[in-house]
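Let me begin by handing over the structure; questions about it come next.
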Amino acid sequence: MRPSGRPVNQMRKVSFERNFSKHAEGSCLVKFGDTHVLCTASLEEKTPPWLRNSGKGWVTAEYGMLPRATGDRMKREAASGKQGGRTQEIQRLIGRSLRAVVDLTALGEKQITIDCDVIQADGGTRTASVTGGWIALYDCLKWMETRSMIKLDKVLKDHVAAISCGIFANQPVIDLDYLEDSAAETDANFVMTGAGGIVEVQGTAEGKPFSREEFLQLLSLAEAGTQELVAMQKAAIGG
Amino acid sequence: MRPSGRPVNQMRKVSFERNFSKHAEGSCLVKFGDTHVLCTASLEEKTPPWLRNSGKGWVTAEYGMLPRATGDRMKREAASGKQGGRTQEIQRLIGRSLRAVVDLTALGEKQITIDCDVIQADGGTRTASVTGGWIALYDCLKWMETRSMIKLDKVLKDHVAAISCGIFANQPVIDLDYLEDSAAETDANFVMTGAGGIVEVQGTAEGKPFSREEFLQLLSLAEAGTQELVAMQKAAIGG
Amino acid sequence: MRPSGRPVNQMRKVSFERNFSKHAEGSCLVKFGDTHVLCTASLEEKTPPWLRNSGKGWVTAEYGMLPRATGDRMKREAASGKQGGRTQEIQRLIGRSLRAVVDLTALGEKQITIDCDVIQADGGTRTASVTGGWIALYDCLKWMETRSMIKLDKVLKDHVAAISCGIFANQPVIDLDYLEDSAAETDANFVMTGAGGIVEVQGTAEGKPFSREEFLQLLSLAEAGTQELVAMQKAAIGG
Amino acid sequence: MRPSGRPVNQMRKVSFERNFSKHAEGSCLVKFGDTHVLCTASLEEKTPPWLRNSGKGWVTAEYGMLPRATGDRMKREAASGKQGGRTQEIQRLIGRSLRAVVDLTALGEKQITIDCDVIQADGGTRTASVTGGWIALYDCLKWMETRSMIKLDKVLKDHVAAISCGIFANQPVIDLDYLEDSAAETDANFVMTGAGGIVEVQGTAEGKPFSREEFLQLLSLAEAGTQELVAMQKAAIGG
Amino acid sequence: MRPSGRPVNQMRKVSFERNFSKHAEGSCLVKFGDTHVLCTASLEEKTPPWLRNSGKGWVTAEYGMLPRATGDRMKREAASGKQGGRTQEIQRLIGRSLRAVVDLTALGEKQITIDCDVIQADGGTRTASVTGGWIALYDCLKWMETRSMIKLDKVLKDHVAAISCGIFANQPVIDLDYLEDSAAETDANFVMTGAGGIVEVQGTAEGKPFSREEFLQLLSLAEAGTQELVAMQKAAIGG
Amino acid sequence: MRPSGRPVNQMRKVSFERNFSKHAEGSCLVKFGDTHVLCTASLEEKTPPWLRNSGKGWVTAEYGMLPRATGDRMKREAASGKQGGRTQEIQRLIGRSLRAVVDLTALGEKQITIDCDVIQADGGTRTASVTGGWIALYDCLKWMETRSMIKLDKVLKDHVAAISCGIFANQPVIDLDYLEDSAAETDANFVMTGAGGIVEVQGTAEGKPFSREEFLQLLSLAEAGTQELVAMQKAAIGG
C-alpha cells in the first residue's frame, strides 16, 4: 500500500498553468501533486562562446529550489556561494533532455534558458521540471514563430516528458512522492519522447541492487506514464 | 498622468494569500499589482552564535529574485557565486524592519528566517517583502502559540508595513511600479508601524536633489499608505 | 549629556589633508574626530561596459576598513573572500552621493574611482567618506582640467557633504561617535548639496520607532551640519 | 568497424597496480587502455556530522583530473575555484556505487575517502574509477582487518565494477574510448555487483533517442563486461 | 648612478611613528622613503586550532595594499574575492620572520596578529612591514607586560629587521625603490636579527642569473643595513 | 646520522621518465626518492593579455598535490575552492625558475604551461618540480622544433635544476626527505643553471637563525647537487 493510497501505476494529479509569468517569452507552473515548479523560458540573442558563428543555437537549463520549498529549510545556494552537486546534476539533465527534441540549427544563433525553480517540493522535482520545461520551451518558440523568427515545427521535433519510478515496499511504483522516495529501495528517472524513444535513463539502487527484471518493470511503468504526460502536454497547448 | 492611470495617492491592488506553502510554519504570497513575492517563515531552534545563552532569539530575512522575475533575465545569484550588493541591502532592510516590532526576549532562543523570493517583479519588491513578510511572521508565531511555545501578543508588538513613494513627472506619487521607478527623480522607501512610528526611511535623489518640502510630501503619502496596508494586514489575519 | 561633552548640535573637529597620497590624481585624509578615512580618486580611461560608446563617464566608490581600524580586530574582507553587506551598502551610498553632483556627460568616457579606506574608526565612517571623497574627486577633476581634459565647473555641479544625526538619550544630536552610535535609539545619515538639496536620507530606528517630529529635528541638525561641512570644503580647496 | 579495431564486445586491456601509493591505506592504479586513474583510499577516524553517534561509518569519493590528462589542457579546478558539474556528478556516482556493497554499520564510525585522480584520460574515466576504487577500498579494509579494526567480510559484501556501453555507428559496443565516446549516438554507464545486481544505470541519448531494444542490448554487453571485470578484481586481490 | 642619487649602500630615510592607531595594542606607521606601511598588533585570547591546549601561542601576519597605494590603481582584493599569490607570499614571510624572535611558549595561549597595510608603495613594502611590524609587536607585548600578562624579555628574544638589496645597473645596491626594483637584474630580501643571525634569505634573478660573489656582496650590504635598522628600532622604543 | 643513512652530500636516487603522458607536448615523471611529480608541458597559441602584440611568449607553471600524496590526506584544493598560499608560492617559483632560461622573444606569442602534480610526496616537491619541469619544457620545445615553429637552441638558453639543502642535527645536508625536512633547523632551496648561475635562493630559519658561514656551506652543497642534476638531465635527453 502506497502512503498516498494511489495504485502502483497511478501518477499524482498533474497540471500545467501556462503564461504564469508576465515577463518571460514562455512560462509554465507545473504541478505533480504537491510538487510545484515554475518553469520560464528566456530568449537571448547570443549563443555560448563555443557556438559563435556556427549557425547553431543552444537550449540550456538552470534549476533552483526556494529555501523553504522543503520540509526543513535548506541553505540558500546564493548565500552559500555555490550550487551544490545535486543542483548541477539536475540542471544538466533538464538541458540535455530538452535539447534532445530541438533542432539547434533550425533555431539559429540564439539561446533559450529554461529556469526551473521549485516553489514547493514533494518528490519528483526533476521530472516535473523536464515535463513543464517543455511547455515553457514550446511557448517561447511559439512566441518566436509569431514574430517570424523561426518555424516552430522545424525547431521542435517532438514532445519530451519525464517520470520517476521506483521499487517501494517491494513493488514497482510510478511517480514517487517524498515519503516514498525517502523509503524506496530503487529510484529511477526516465525521460522519453512523444514517439516513445528513450532520451535519458537513470536508475540507482538506494539499498540492495536491483535485477534486470525489476528494471524492465520500471521501464514499462515509465513508458505508460510518459505517454500520459505527453497527452496532457498536448491538451495543454492545444487549447 | 501616471502610466498606470492611478491617482497620485493610490496604491496598486494589494493581496495576501496566506498558507501558500505546505511546509513553512508561516507563508504568504503577497501581490502589489504585478509584483509578486513569496514570503515564508521558517522556525529553527538555534540562534546565531552571538546570542547563545542570552535568552534572546532572532528574526532575520533573506531575499532573492527568480532569474526571470524581471523584464530581462538576470544572472542567477547562486550561479554567479555571490549575492549582489542590492540583494544584501534589501535583506538587511527586511530583517531590521521586522525585528523592530518583535520582542526578541519574549521569543526566546529561537530563530525565525523570513525568505522573500520575488516570483515576478514590477517595482516595489522590498516594500512588498516587508509587508508580506509580516504576515508570514505572524502565522509562524501563531503556529508557535498553538504549540504553547510563546505568547503571540508578547512577542509581536505591532504591525509593520512598507511602501515606496517618489517624485515622478514633478509630482509626489505613492507605490511606484517599474515604469515609474525607472523614470522617477526621487525614490523613497518608508517602513512604518501600526502605531504610526517610523522604522526606516530611505530616500535617494536619482536625478536632481530634492527639497525638505518634497520629502515631507512623500512622508505624508507614506503615512496614509502604510495605514492602509496595516488595515489590509488586519483584515487578512482577522478572517 | 553626550559622552564627548559636545553640545547636541556640535560636530567633532573636522579636517582635510589634501594630496595625502603621492600616486593618486586626487586624495584626501579626512578626519571627523577619531574617525580617519583616506579617500583617493583614481582616473581610468575606460568606462564600465554599459556606458561604452554612450559619451558618458562614471564615478564609483569602493569602501574598506583596515582590520584593526576598530576596537576589536575585524576579519580582513580580502581573506574572508567577500565584501560584507555593510561594505557594499556603504560603497553604493558613496558612489550615488558623488554622482549626484557630477555631470557624467561633461566628464566624457572616463571612470573615476573613489576609494575610501578607513584607517581608524570611531563612528560616522560613511559620512566622512562622502565628505572627504568630494575633496578627492575635486582634486582629480582639477588634475584633469590642468591637462585640458575637462572643464571642472562643467563636470562638478556642486558640493556634497554628509553627516549622521541620531536620537541619543532622548535628544537629537549631530555627528555621533562610536559610543553614541552604539547606544542611539535612532540613527540617520543625510547627504546634502551645497545648495541645500537632499541627495540621500537614511533613517533607522534601532530601538523603538521614531516620530515625524523627531525625524524633522534630525533633518534640521543635518541641514546646519552639512552647510558647515561645505564651508570647510570650500576653505580646504580655496587655499 | 571500431576505431580501435576491437570487436563490439571486447573491452580494452584492463590492469590493476595495487599499492601504487606509499602513504594511502589502500591504493590502485587502474588502467582501461589509455585511461589511467590513481585510486587511493584514506581512512579517517571521524564520520560526517550527520552520522555522529549513529554507530555507522561512511564511504565517500572525490574525483579530479590532472589538467593535461586530456587532449587539450583543461583549466585546473583548484585555480578556477570550484569543481564543475561533471566532476561533482562523477564523484557522487563513485561514492554511491561503492557504498552499495559496504555495510556501514559493520564499518563503524569511520570514514573512508576514495580519491580517484585521472592521470591520463581516453574515455571511461568514471567506470575505471569505480572498478579501481573497489580495489583501493578492499586494500584499505584489509589494512584495517590486519589491525583488528573490522572484519573485512562483514564490511565488504560484494564486488562492484562499472563499464560504459554505447551505440556507435549503429551498433552496440562496450567500453568506449574517447574517439568512440565523442561520436556515439547513445552513451550508457552500468555499475553492477559480483552477484549480478544492478547498482546504477545511466543512459543518455547524445543524438537521437534510443529504443527499449537497443537499451537491452547495452545492458547485456554490460552484464558480461562487469562479470569479466569482477573476475579480474578477484585475480588482482587473490595473489 | 641610482635614480634617487643615493650611494649604493645608503638606505632611504626610515622613520617609525608609534601608537599611530587608537585601538590597537601596538601600532607603528613605518616609512622607508615614500613607502608607508601601517603595522598594527592585535591581541586575541584564542590560539589557532592546532595549538589548543599546547600551552603555546602564535604570532601571525596579514598584508594588504590600499588599491591606490601604487602608481596605477590595483583591483581591491576584497572585491576580487581572494588574496593573490604575492599577498600570501608576503604575509607568510612577515609571520615567519617575527616568530623567529618570539618564544611562543613564554607568550602562552594567545594570538597576536600583525596587520601590515600599505598606505603608499614605492618598493620594499615587505621589508618595511617586517621592520615596522617588530615595533608594533614590541608595543603589544609591552602593553601585555603592563597588565602582568607576560614578561616582555622572556617572550621577545631579539630584534628582527629586513632590507632589500639588488643588482641595479651592474652594481649591488641597498633598499631599492620602485624605479630601481623594476629595472633590477637581481632582487633579494634579507631578514636578520639584532644578533646578526639570518632568518630569511630570498634572492631572485629577474634577468640573468647571478653569481655566488654577487650574492655575497648583497648579503654584506644587508648585514650593514639591518644593523642600522635595528639601531633605529632601539632608538624608537628607547625614547 | 641521517634517517635515510645517506651521507650529508648525497642526494636521493633521481630518475626521469620522459613521455609519461600520451597527450602533452612534453611530459616527465620525475622521482627524487619517494617524491614523485608528474610534469607536463602544454602549448597554447595564445599569450596572457599583457603580452598581446608584444611579440613575446610566456612560460608559466601550476602546481598541485593529489590529496593522498601525503602521510595524512589533505583537503582537495578544488573542493575547498582555492589554492593555498603554499601552492601559489611554489607555482610562482617554478614559473620564474624556468623563465630564467627561456628567451621569450624567440618563443614568440605562445604560452607553455608546466603542470607539476605531486603523485607522492616525501619532501622536496618543489625542487623535483623545477628539475623535472625543465625536461617537460625541453620536450615541448623539441616538439615545436620538429614542426618548425621555433629553433630550440634559440629559445632554451640553458639547463635549470633545483635542490634543497638544510641544517639537520647541526650539520648541513643535501636533498632533505620529509623526515629531515620536518626536523631541520634551516631549510633552503636553490635553483641554479647549467652554467652555475644562481636563479633563486630561498633560505628560512625554522628554529634559530643561521649564520653566513652555515649559509655558504648550504650553497656549496647546492652547487654540487645542481651540477649533478644537470648532468642527469643531459643524460635523460641525450639518449
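Letters are used for the chains, namely A, B, C, D, E and F, taken in the order the chains are written, and counting of residues starts over at 1 for each.
The rule is simple: a contact is a pair of C-beta atoms (placed from the backbone, for glycine too) under 8 Å apart; a residue touches a chain by one contact, two chains touch by 3 or more.
Since the structure is predicted, the reported quantities are computational estimates derived from the model, not experimental observations.
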Fill in the blank from the handout: In contact with subunit D as well as subunit E, sorted by label, we have F
Fill in the blank from the handout: Contacts shared by subunit C with subunit D include exactly none
Exercise for the section: Treat touching chains as neighbours and tell me the shortest step distance from subunit A to subunit F. Expected result: 2
Handout entry: subunit B and subunit E: spacing of chain centres that average the CA atoms, whole Å
Key = 50
Practice task
Compute the distance, rounded to whole Å, between the mean C-alpha positions of subunit A and subunit D.
Solution key: 28
Handout entry: Residue numbers of subunit B (touch at least two other chains)
Key = 81-82
Fill in the blank from the handout: Check: ring from subunit A, direction subunit D, yields A, D, F, E, C, B
Handout entry: Contact set on subunit B toward subunit C in their complex
Key = 82, 84-86, 88-89, 91-92, 96, 100, 188, 192-193, 195-205, 208-212, 215-216, 219, 223
Exercise for the section: Could you please specify the touching residues of subunit E with respect to subunit C in the complex? Expected result: 21-24, 27, 34, 38, 40, 42, 44, 62, 64, 66-71, 73, 76-79, 81-83, 87, 113, 115, 117, 119-120, 122
